[in-house]
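What follows is chain A paired twice: with chain B in the first complex and chain C in the second.
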Partner chain A sequence: MSNSDSRPRPALKLPGANALGTLLGSPKAQLGFVIVLVFILAAVFAAALAPGDPKKYVGKPNQPPSAQFLLGTNPQGKDVFRQLVWGSRLSLLIGFGSAVLMTLIAVVVGMVAGFYRGVVDDVLNFVMNLFLVIPGLPLLVLLSAYLKPGTVTIIFALAITGWAFNGRIIRAQTMSLREKDFVAAAVVSGEPGLSIIFVHILPNMVNIIVGGFIGAVTYGIMASTGLAFLGLANTADVTWGTNLFWAQNGGALMIGAWWAFLPSGLAVALVAFGLALINYGMDEITNPRLIAERNIQSVLRQARLPRMRATPVVPHEH
Partner chain B sequence: MNTKPPVPEAPGSAGGPAAPLLEVRNLYVEYLTPRGPAQAVHNVSFSIGRGQVFGLAGESGCGKSTIAHSILRVLRPPAVITGGQIRVDGADVLKMQDAELEDFRWRKVAMVFQSAMNSLNPVITVGEQIDDVLIRHNRLSPAQARERSAELLKIVGIESARLKSFPHQMSGGMRQRVVIAIALALNPALLIMDEPTTALDVVVQKDILRQIQQLKAALGFSILFITHDVSLMVEFSDNMAVMYAGEVVEMAPAREIFSNPIHPYTRGLLSSFPSLQGRRRKLTGIPGSPPDLVNPPSGCKFHPRCTRCTRLETEAAPQLTEVTAGHWVAYHDGLRLTEAAA
Partner chain C sequence: MRYILRRLGFYLAALAVAITINFFLPRLLPGDPAAVILGTSAAKLTPENLRAVREALGLSDAPLIQQYGLYLAHLFRGDFGISYTYFPTPVTKVIANGFVWTLLLGSVSLVLSFALGNLIGIYGSWRRGGLVDTVFPPLLIFIGSFPAFFLALGLLYAFGVKLDWLPISHAYNNRLPQGFNLPFLLSVLEHMVLPATTSVLLGIGGWALGMRNVMVSVLADDYVTMAEAKGLKQIRIMFVYAARNALLPGVTGFGIALGAILSGQVLIETVFSYPGLGFLLINSVNGRDYPLMQGLFMMITIGILAANFLVDILYTWLDPRVRTG
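Coming up: the complex of A and B.
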């Protein structure tokens, strides 16, 4: 029957549905992106933002924030603002670098173990369990102590100790996906195993891999900061971790020089927070129902109706 | 000739003195999409009397299942009900809150879902799955529930020893029976069956439908029967409606629709199925594909695919009109056609 009247209808329309639009459309992800982007930009434009050598002695130690030293000076008389900005370079590099390595190992080992099962799985799963039960931090400490200290060493050590967790998740998901009919169809049509793994199974778990990657970045930054704080990194490098190490070394906490350790500590926490928010946004891309849910709630808000689980009734003209 | 749009009395309800069990009036359901709302159900009205079977027929995507799910208010986002009334036993479903709906679902209206045999949990025995409903809704003790579950299985023709079976140990037909037993567990007044037998072979299909008919006679519930198999529906339903693009195009007693279809779409639908008896005839089918529901065609939504279309159809949407007693059609030419036939 017809739309007899031509009165304007309320906006019952959903926003665009491409992946990027979805990610950018989620308020949580927006905030996350802004936070992470601020730090990445700070790292890239460190020279313009905080010109000068962060390792240089610039003034009296433990000066509180002032116009001359935005965040004061640390117990060694270095500019804390410079240290914060320049420190983001190596900290983010180690975080993302180790995450790439961790994810690569986890995907390859996890998928091969989950897909081929049998002896292959027994061996790989044993290795994964081994790395899971070895306490991560002590192994990290050992590795860092015996290997030549440096950025590459840290990235390598973090990847070795941190990949197994995601590997187990990816193995489980592969085992579940390989039972699906579309994989069975690929098997009977004679496709080789590797092609099935990468063409059919991998794209179906991109959400898990990306989620794992984001988690791995957080792990990488946190763990490298922890190592550096313990003095197990090259203390000549400027990272958020070494900043904390030097602040602790000079007794900043004891004399109440909060400006010496708070900025770098906060930076680590903020980046982790931003990455977690981006992960929420990823959920919505891979599960469009969540977007629909969010949009329905906004339609209900517009119509001044309460939230409900049942199919909402929003009367309007037809 | 009687025209009282937009709400025709549904066939069957006029005869009985009591109010119908289910009454759907001017129902609108929309799916919100980035291109705008898709009008999945557009001004649909019908009613089902007590103990009656009402059939909804139509091709995939015409809104049959959407109607079924909106009666239980279980359509998931981005669906929104944008108008109309649904009354079950006098209670206004569209005014209910979550808590009321929890009690209403399954106790008043139960549903056998599409591909229902896959809706059983593979790692729990069927007995436990029937028990669950009884313990949750009727607060029976586990022992009482088990007793009633055995009874329910017997009702649908499965021996009670199979309570301990897992779903994968049963055939498709048996699983379907289990699902029907779960639907009947709380003695609902209305049973919605959304393509309940589509995945089964004709023999089992027939068997199950016969059994449902017997159960209906014994327990007295009404049925909303949804299928695209029109011949099955004609056999099984008292009244039926044919839907196209979210609208009811024809509604009448099932036999009347079968013997005297008026709307070109109904005729097309009926000529898409072979009949088992009678002369052999050519199956014609319906050319074209279903319309875009975000920007539906003007006038009669069927006109782009219709062979008997006039200019009138492309401009004005025909209203559901009662052409003979209990036979409603949304077709400009319907009146003339029936008169010519008479």
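Coming up: the complex of A and C.
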């Protein structure tokens, strides 16, 4: 935009571009994005970053970090740094894979329920509430006890137990968008329901869907790590969860080999923290309440008033 | 009243679905489920035991619908069969023992994180931009980003192993006589500190942030400005006017939080070998104790459904708008 005209101009924007703008519009979200990106890059370039087989026995067990083994060795005599870097591959794949599946189910079920109402909504809403009250982790534990553990199995199990949270939010948003004039116009002009849902309503809730997707990635990584730690995943795979399982299995903490534990646990926490930052950052930009809140803050700061009262009073200067 | 009845109907339907899931899960096993389930521990079991377990799980050669009927009949008699790992204790008895500990640990941590979280939220919204408001939210989000078991292991290592201040496993001192005597109760309290702290650390952030954000919008309401204009004390406006109404959305979250606490508790109980339902569940999975596994899933689900129903009743009582809606 030129310097002479600084007024915001109404411009035709693609909903996708708009979503990316809100995704990266705040410093919090940017920080979160950088953190997550670092781990994604580590997963992609694992072979260059930590060459060698992470499952190989490399030396004496429980060696502390050194120049030879950057993060030491674990109780099974494996290189912790290799395990950390290579573990990001499957952990992130499971997280993002299950999140894609969860979001797909949530979008289809939530939007169809919110748009059609009546019997369709009653049935779908019942199903959503059902999945919300059935305890997720215990069901996951049972599923992994009965099914053969594997990456695909765990992705599907996570998706089945985790989609309903987003489904309910998307349903509520669809119900409120359905009352808008542009939807009424599409209905009157005789467009079929599914095309109204996915062509007209969907682009208007990209923010909510992206927010839900980010939450779903966190859920997927956290839950799969927990299951692997309990020994319910395929323990031959290298993920952050199985790294922690082997460290615990070898009694690493009891002999004080904290380096076998810290890297993988910290990696999960940092990814989850980064994703949470992205979500909070997005919320700051799209939530009118928080925008108003920021404006109040800046007024108070200018007036040098500490925020001590329920209703702050700014003295008027004459 | 109609609202309550409708919710009751929903929970009964949910219960029916959970029962059905529980019935079909063993049938996901590759091959003949009965052979796998009974095969692992068959040596220990007498023929009567075998038959009892088969019937409790509804595993027989009869058509599926008859198996389902048999399974239902046993379920309503409260008969889940006999546990393999705690042989020959009936599953119901094993579960009853675990239930007490899970309920104790769960309710203590839920009440603590609810109270502390909401207080931080209220205080933060009161002094917006102050120390509490700038430091706590990111800190709590960061702590909440750790997997439950990892935080539990960290606390166990620091306070149980390195400093050796607190016991690292089990729920009470085995050498003390059980009952309502002071040494025993103190040992229960001592054993609860680490697991409860883990659970509170994980749960508190959600309550604090939720409360803060609702408070921010409630504080902008006219009746708060009115109260301020009347010259009421700040503390009265905060707690009696604003916080009371801001608590309402939190109560709805209570039901979901119960489920979340129980899920997190599975991992925490396992790390601390705390003998609750979660610890039993993992033990039963590792020991291929299918009757106990099935019974535990059923009990956990029933517990969560019942708790949610109680929250619904509480909500009707707190928010008159629901009663007519």
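The criterion applied here is as follows: the second predicted complex is superposed on the first by the 254 of 318 C-alpha atoms of A that agree within 3 Å, B and C clash if a C-alpha of one lies under 4 Å from a C-alpha of the other, contacts with A are read in each partner's own complex, and residues count from 1 in each chain.
One rule holds in what follows: a contact is a pair of C-beta atoms (placed from the backbone, for glycine too) under 8 Å apart; a residue touches a chain by one contact, two chains touch by 3 or more.
As the structure is a computational prediction, the values presented were derived from the model and not from experiment.
Novice: Touch test for A:V268: chain B only (first), chain C only (second), both, or neither?
Specialist: In the superposed model, A:V268 contacts chain C only, not chain B.
Novice: Would you sort A:G136 into first (chain B), second (chain C), both or neither based on which partner it touches?
Specialist: Touch partner of A:G136: chain C, not chain B.
Novice: Looking at A:A185, would you say it contacts chain B, chain C, both, or neither? Reply first, second, both or neither.
Specialist: It touches nothing on chain B or chain C.
Novice: When the two structures are overlaid on chain A, which partner does A:E293 contact: first (chain B), second (chain C), both, or neither?
Specialist: both
Novice: After superposing on the shared chain, does chain C or chain B touch more chain A residues?
Specialist: C
Novice: Output the chain A positions appearing in both contact lists, the one against chain B and the one against chain C.
Specialist: In chain A, residues 289, 292-293, 296, 308-311 are touched by chain B and also by chain C.
Novice: For a test of understanding, state which residues of chain A touch chain C in their complex under the given definition.
Specialist: 126, 129-130, 132-139, 141-148, 222, 225-226, 229-232, 244, 248, 253-254, 258, 261, 265, 268-270, 272-273, 276-277, 280, 289-290, 292-293, 296-297, 300-301, 306-311
Novice: In the complex, go through chain A and note every residue touching chain B.
Specialist: Of all residues in chain A, those touching chain B are 1-2, 9, 12-17, 289, 292-293, 295-296, 299, 308-316, 318.
Novice: Spell out the part of chain C that touches chain A in their complex, as residue ranges.
Specialist: Residue list for chain C touching chain A: 10-11, 13-14, 17-18, 21, 25-26, 28-30, 126-130, 141-142, 144-150, 153-154, 156-157, 161, 213, 216-217, 219-220, 224-225, 227-229, 234, 237-238, 242, 255-256, 259, 262-264, 266-267, 270, 278, 281-282, 285-286, 288, 293, 296-297, 300-301, 304-305, 308.
Novice: Quick check: in the complex, which residue numbers of chain B touch chain A?
Specialist: Contacts found on chain B: 5-6, 28, 30, 32-37, 42-43, 69-70, 73-83, 94-98, 101, 247, 299, 316-317, 319-320, 330.
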